[in-house]
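Shared between the two complexes below is chain A, which pairs with chain B and chain C, respectively.
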Partner chain A sequence: MNLLSGPPTVVAAGVDVFSTALRAQGAEVHEVDWRPPGFGDPADLATLALDRRRAAANRAAVERVMAAGSQLVDVRPAREVLGLADRTLLHAGPPIGWDDASGPLRGALIGACLFEGWADTVEDAEGLLASGGVALDPCHHHRTVGPMAGVTSPSMWVYCLEDPVTGGQAFCNLNEGLGKVLRMGAYGDEVLTRLRWMRDVLGPVLQAAVRSTAEPLDVKAVLAQMLQMGDEGHNRNRAGSLMTLRELSPAIVEVDAPSSDIAAVLRFIGGNEHFFLNLGMPTAKLALDAARDVPGSTMVTVMSRNGTEFGIQTAGTGDRWFTGPANTPVGLFLGDYGPDDANPDIGDSAIMETYGVGGFTMAAAPAIVRFVGGTVPDALATTERMYQLTLAENPAMQVPILGFRGSPTGIDVLAVARTGWLPQINTGMAGRVAGTGQVGAGLVQPPQECFEQALAALAQEARAAA
Partner chain B sequence: MPVRHVSLRSGVYADSVRLMQVSRDVGAREGVTAVLVAMGTPLNLELAAGMGLAPADGASPDQLLVAVEAVDDDTLATAVAAVDAALAARERAAGPAQAVPLRTVGAGLDALDGDGPALAVVSVPGQYAVAEAADAVAAGRSVLVFSDGVPVEAEVALKRAAHDAGVLVMGPDCGTAIVSGLALGFANVVRRGPVGLVAASGTGAQQVSCLLDTAGVGVSHVLGVGGRDLSGAVGGLATLDALAALAADDGTERIVVVSKPPAPAVAAAVSEAARGLPVPVRSAVLSPETPDLTAAVEGVLGDLGVAVPAWPSRPGDGTAAAPGAVLKGLYSGGTLADEAMLLAAPVLGDIRSNTPLRPELDSALDPSAPDLSARGHVVVDFGDDALTVGRAHPMIDPTLRLEAISDLAARREPAVLLLDVVLGYGADPNPAASLAAALRAAGLPTVVALIGTEADPQCWSRQADALAAAGAHVFASNAQATRHALRLLGAVQ
Partner chain C sequence: MNLLSGPPTVVAAGVDVFSTALRAQGAEVHEVDWRPPGFGDPADLATLALDRRRAAANRAAVERVMAAGSQLVDVRPAREVLGLADRTLLHAGPPIGWDDASGPLRGALIGACLFEGWADTVEDAEGLLASGGVALDPCHHHRTVGPMAGVTSPSMWVYCLEDPVTGGQAFCNLNEGLGKVLRMGAYGDEVLTRLRWMRDVLGPVLQAAVRSTAEPLDVKAVLAQMLQMGDEGHNRNRAGSLMTLRELSPAIVEVDAPSSDIAAVLRFIGGNEHFFLNLGMPTAKLALDAARDVPGSTMVTVMSRNGTEFGIQTAGTGDRWFTGPANTPVGLFLGDYGPDDANPDIGDSAIMETYGVGGFTMAAAPAIVRFVGGTVPDALATTERMYQLTLAENPAMQVPILGFRGSPTGIDVLAVARTGWLPQINTGMAGRVAGTGQVGAGLVQPPQECFEQALAALAQEARAAA
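The block that comes next holds the complex of A and B.
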């Protein structure tokens, strides 16, 4: 036994009864700054801590996350790929109906009805949606993710990503850019005009370009590189967007389309700093879907918000959602918008943090922390904290300033409870009123309730399995 | 009438986050009604137009737009100057990353450099101790769980996992251990030597290790296993692992198992395991048949061929107690209290206690406050869990026991007091000081079992002298102390 091979270094948790005596004997003592758990029934915490399946299950789950790859294999209309029935719209976050939908989600749903031609006026669209004339379903139920409102309609084109390891698939719509955009709840003429152009020009051009490349774009590799270039992959995608443009542009230029369309496509991609986000998100989704259904695992597989509620899922509890009221982000505002204009947290994009980047790799993108008046040391501390919430360090996603340490990956519900620290999420902010669009960007955390429910459910499952 | 400033600057670039900060800070100034400091992208120009601050001839994305609206010209001028100042200001240099506190044993072990021997010590409230101890086991590290109140099923699960991981769970409710000379918890400064102890009893291990030290024999390690380890429910899981670990340890030549009576099946399993080990194992079990730790130590010394010394004492004069006097034992160590009862009961008859030898002798003490009002022979264990809720252990905080001494003196029931005083790390730095004063005030004949060594921070002989000066009869052996008390009671010669 290693214990008896010499005077041990001591790691002490709890009341400082004996540390002084240990130090007086010349021992090396590290006292952890232990606190009572942030939440959770002590019996549930003990049950999970002692669940014999847990260590191996969590290792299996997080290894699947880290092993998953991501290739861009196609770009197709959602109708074809997802088999979306007519009058069906996907949205971000856990399930929600029109009555509970927040402004930006309503705005995006209205815009999608107008875009699809299911309604001619805003009023008609509202009536249609309010009467239940359009089926609503979470993106996550269709191997799909969507930023902000996440509204995906049959005529919108989606990226088709594939994990070469498992053969898994994930999908995400195309990013519209910033400002007055559907995903932020805007539905004016400029929004619809852009969506039609994306349907008629951008989608087909990207499809032709992607299909013509011999080697599919390795999206995971782009994500890994951008972390070394000042991006964190959620709220800052500049380097990733430019690398994607670099990779795709030769094929785009060769697409058989009017040169004005080619130019417009290149200009659109080059002018959109978040173009990559809609590729990063399904990359994370592929990895986390690979870790679904691992009995005994306490790892989070989904964090997602619909503008009203925040929902999570775990590897040990399948498709079950654990929800709580979404918080409103804190951050900086565009123009003269202010905190009162911001809607509560919305979007599937927290899949990036679930994957271990975004807010979790804040240290890679210190610019982001200034959204809340923070400093570079704050950014480093945020990532350092996240290491204590997670199961592993992903060697593919390195943070240069931390000595190329792998990103903190695989949120452990038990660790969240024990530390009392909630995951850090970087996010955009949509206007509270439907039709407004983006009002800012900032930082947010999930409501604790989600994790409380997940912990109780995991403990119940562990007891049932014992 | 609001006034406006709209200008474009070329060759200036700042990150949009920085510009949003500048806009927010300048916008917060008194009299400033709108600010947009942003690169001239289409989105930002649209925002500017919405605010009535669009540049007349448009702008290009590489130009910096400074647009300010204020209530008057002076305010406007100072606001624009503030924009310039903010753009020029350098963010304060990044200091070193602030230390992020480590919240769990798992995080603490994770942060250790190297893979040298390491041990986790957990003393968080019992209901939370399981997760911390499980962290250590999962990290392949042994753990001492000082906490009590850990459910027995959790103890079993932890110890099974530890066995599979090749590590040891000492405890829960383990107060004493010495690992490679490092004293953990309540432990004495004893020399290092060939005897390894496995202890289901903390004060028992202290008595044994101190007497061995007095005889010039050192210990290799003292591995506590927790008071429940040898119960039927736990089945000696940690004892068996500790035996195996000591047997494999180069510095251990023989092993002593110190415990209260184990469950019979567990005793058999431990004996069976002990027979299979390459080093001799002797048990120092307190039971009616084998009542005496001092005798067990003397047996070990015999095995080693070491002469049994005269155990240190300050016996004082032989004044007998008043006729009809009874024994009042006030202990801080549960095993020492047991030992006293096991030795005294055959002579005195039934002894009431909060930790009785037989259930029907339960003194029915109010578990929250020891009531010594029962007449006759009584032994109280002040270290029992029920009496330490919300207060420090009596080895650290003597208050309850001192109160009990003064209560007994006031009752005028003829009595002999029998006390233990345990020295060493973790214990009261000068227990004789308060106790001597209380004994002088009480004026009752008193025998003290003083468990410790000369090298202890409190120093055995200094404490013994102070107590003897207060009239106490002091013994390094609890068994000898008990027998002396019986002599004072006139119960033995």
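The block that comes next holds the complex of A and C.
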């Protein structure tokens, strides 16, 4: 009876023509922001929606991500840490062989063979790699992440990070800077000379400095502070690199090495605004590895690209990769380079977005639009949109301009399918021809295919478990 | 005839009841954001409004401010640089004597007498100061600025900055850090011990480092970059301090001094998030001094406080001070301190707002609300409001979140009178009892009286020149 005697209360779902018309007549309308699912087999979507394990599993997974810490405990040669067999190279993204490798990955593999002394010429290195004389394996299979090509060879030094909560470990090589660098596919003399200096001077000095500090560097705290200082933690690491320099420099100057080497190390770190990235990435890796193997969870634990394919993994499906062809970023170019010079998306660095920062916290870093393109309102809107894809807001990673709201954390495959919106990634762009190096920076999204496959696999697993 | 045959076009000034009613009826309304003048004798306001020199004079003044550069060229003892007569102390704000000095200024003067060895006990120092045995003079009368009490004594080291455009010079002592520090009015043993270390180690090391660098530090460029990194340049100098450390550290480690001293210098700089402030302030001072003595200009060239009075100067009235009683800041308190512990506004640091940053660019530094109080929307609204008081937008000082809009620069006394809005200042808060030190940080405005006096003096000058 109340229905007829009182004023109407209307719930409207979908397009807003109906609710707008009612509002114009003074009626109270509650809108449900519903839209048709973006993709996915309706039976799979229903299976996952009704999976009784899902809510608790996703909560457990994302809470493990948010609880994880990250401390820099050592710096060591990859050979010692990762137990790499001789003639093994790690690379970014899902598994790939030489034949399918893109230009920048090939360039970085060639450069690593020259750096390790496995070949004396580019031609010899190509021959060695093409003949299968070097084993290739994803970084992610070794608790390791690498930006761009991600090529990590036995003689490169790696940061050793530890999660004090779980005792987990993660590793990442040292950042070379921008421009002509191995990770962007360049392998010329300047690249090899820098890598040798990093091996002979930078690595040992960092090791001595890190080992001499009483309190390990709290990398998670640095990342959190970066978001208060205009960095988003993927393509803008200015404040993070400066804070790392501040934290390490007193110990660096007390290392027993020539003062010219010490000054060179400080200049190298101070001159590289991306120096922190290789500490941020294993921090995110530690957190996401803590959330591996949670049956029923639809949360993404890895997003990664090898320059040819984009691959993801989820908490509910273990180490299985779901891959699709990598998109090419759109953005701003260095010097005379243009869109035709850009390689498709490459690197393990999308682990930052998987963790809820980078493209997900662009709102914290409005100045980044000058580096990756777009406008400041786009940056704000991107972060707002990512809240629709994620399971939680990380209270440790606050975005001041949004009233200190926590970063959108824990990508939910089901939310991606329902909205049809794909995660936003900020990224560097490597030249597509081996040997080129960096050509720009921009914005990119994963191929929907990865999420379609993951959705189907998660639904199959849910049915098997039911 | 068109007036009657076409639809009405309405221009509405003042309150919005009229325009709202017209809009509800579908009429086109153009609103003029007019309001009654905030203060000022109508004859004075009219004189200044009609002064033919004003537009060009203000344009010239603000363009000089924006054109000025700032380079760190040396670090030297104040005695050598400022030609201070023995037993002279500089202080912040307009002129003041011991009798009128507030607690923190008295505390800093006492501490400086002890530091210089002019007195052995607090009582002796008070006696010496009360008897006029030490001459007091504003920093601003010596091309110098000092944060908080601003007390600068002959043995303190000062940064020497130069404007490459005009050749102008400006000076500022070295920042001691937060808490129990001389500039906040503390004078205990820890304060004096730190000042002696700064005199004996920090000053000489900085001098050697600055003199050994081929390119002088471009302090204006650092300040501009800070606004892209979440600093506003007055109460948040985190990124600026880190960039300064980055720029100076390679030269510091090559200074011929014990490595323990070098490490201590790096730790001191790295541990002080306000280290940059004492470089930012003379940068602003250089720019505003470049705009001194522009007849007809109503632009403010100094805002400064001695803890008792707030004083301003304008480009059109030379070195004349216009003063009023300083307000007490409202904000957040350290530890158990509360509003009753706070001294009225003190320090030359409002030179940052005079330059168009600090409180004027709070929108660039949303995280600062956790330090000075207020909300993020307040911070954005404050910057928007300051555009109403200022003559120009400084293209060198961009605020990313506002689409890289230049900072609101060049406070116009006439605009302040017309709007009735007062400049917004971010500031530290000193304890009102001598010896206390810092009690918090907050927001404050100048007393309207300063602007009323300046307005009257500018109008009188305009009549005399007509």
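Rule of thumb we're sticking to: the second predicted complex is superposed on the first by the 432 of 466 C-alpha atoms of A that agree within 3 Å, B and C clash if a C-alpha of one lies under 4 Å from a C-alpha of the other, contacts with A are read in each partner's own complex, and residues count from 1 in each chain.
One rule holds for everything that comes next: contacts are C-beta pairs under 8 Å (C-beta built on N, C-alpha and C of every residue); 3 or more make two chains touch, one makes a residue touch a chain.
Worth saying up front: this structure is predicted, and the values here are computed from it rather than measured.
Enquirer: Quick one: classify A:S131 as touching chain B (first), chain C (second), both or neither.
Expert: neither
Enquirer: Under the stated touch criterion, which partner chain does A:L3 make contact with: chain B (first), chain C (second), both, or neither?
Expert: A:L3 contacts chain B only, not chain C.
Enquirer: For A:I262, using the defined touch cut-off, is the partner it touches chain B, chain C, both, or neither? Pick first, second, both or neither.
Expert: second
Enquirer: Name the chain, either chain B or chain C, that contacts more residues of chain A.
Expert: Of the two chains, more chain A residues are contacted by B.
Enquirer: Could you tell me if A:V11 is touching chain B, chain C, both of them or neither one (first, second, both, neither)?
Expert: A:V11 contacts chain B only, not chain C.
Enquirer: May I ask you to decide whether A:A367 touches chain B, chain C, both, or neither, giving the answer as first, second, both or neither?
Expert: Touch status of A:A367: both partners.
Enquirer: Is A:T375 touching the first partner chain B, the second partner chain C, both, or neither of them?
Expert: both
Enquirer: Between chain B (first) and chain C (second), which, if any, makes contact with A:E247: first, second, both or neither?
Expert: Once the two structures are laid over each other on A, A:E247 reaches chain C alone.
Enquirer: Identify the residues of chain A that lie in both the chain B contact region and the chain C contact region.
Expert: Shared contact residues on chain A (touching chain B in one complex, chain C in the other): 366-367, 370, 375-377.
Enquirer: Inside the complex, what are the residues of chain A that reach chain B?
Expert: Residue positions touching the partner: 1-15, 17-18, 21-22, 24-25, 27, 30-37, 42-43, 45-46, 48-50, 52, 55, 177-180, 271, 332-336, 366-368, 370-371, 373, 375-378, 380-381, 384-385, 387-388, 414-415, 418-421, 440.
Enquirer: Can you check the complex and tell me which residues of chain C touch chain A?
Expert: 228-231, 238-239, 242-243, 245-247, 249-251, 253-254, 259-260, 262-263, 266-267, 270, 366-367, 369-370, 375-377, 400-404
Enquirer: Given the complex with chain A, which residues does chain B contribute to the contact?
Expert: 15, 17-18, 20-21, 24, 27, 34-36, 41-43, 46-48, 50-51, 91-92, 94-98, 100-109, 111-112, 115-125, 127-132, 134-136, 138, 140-142, 146-147, 151, 154, 157-158, 161, 166-168, 179-185, 220-221, 245-246, 248-249, 251, 425-426
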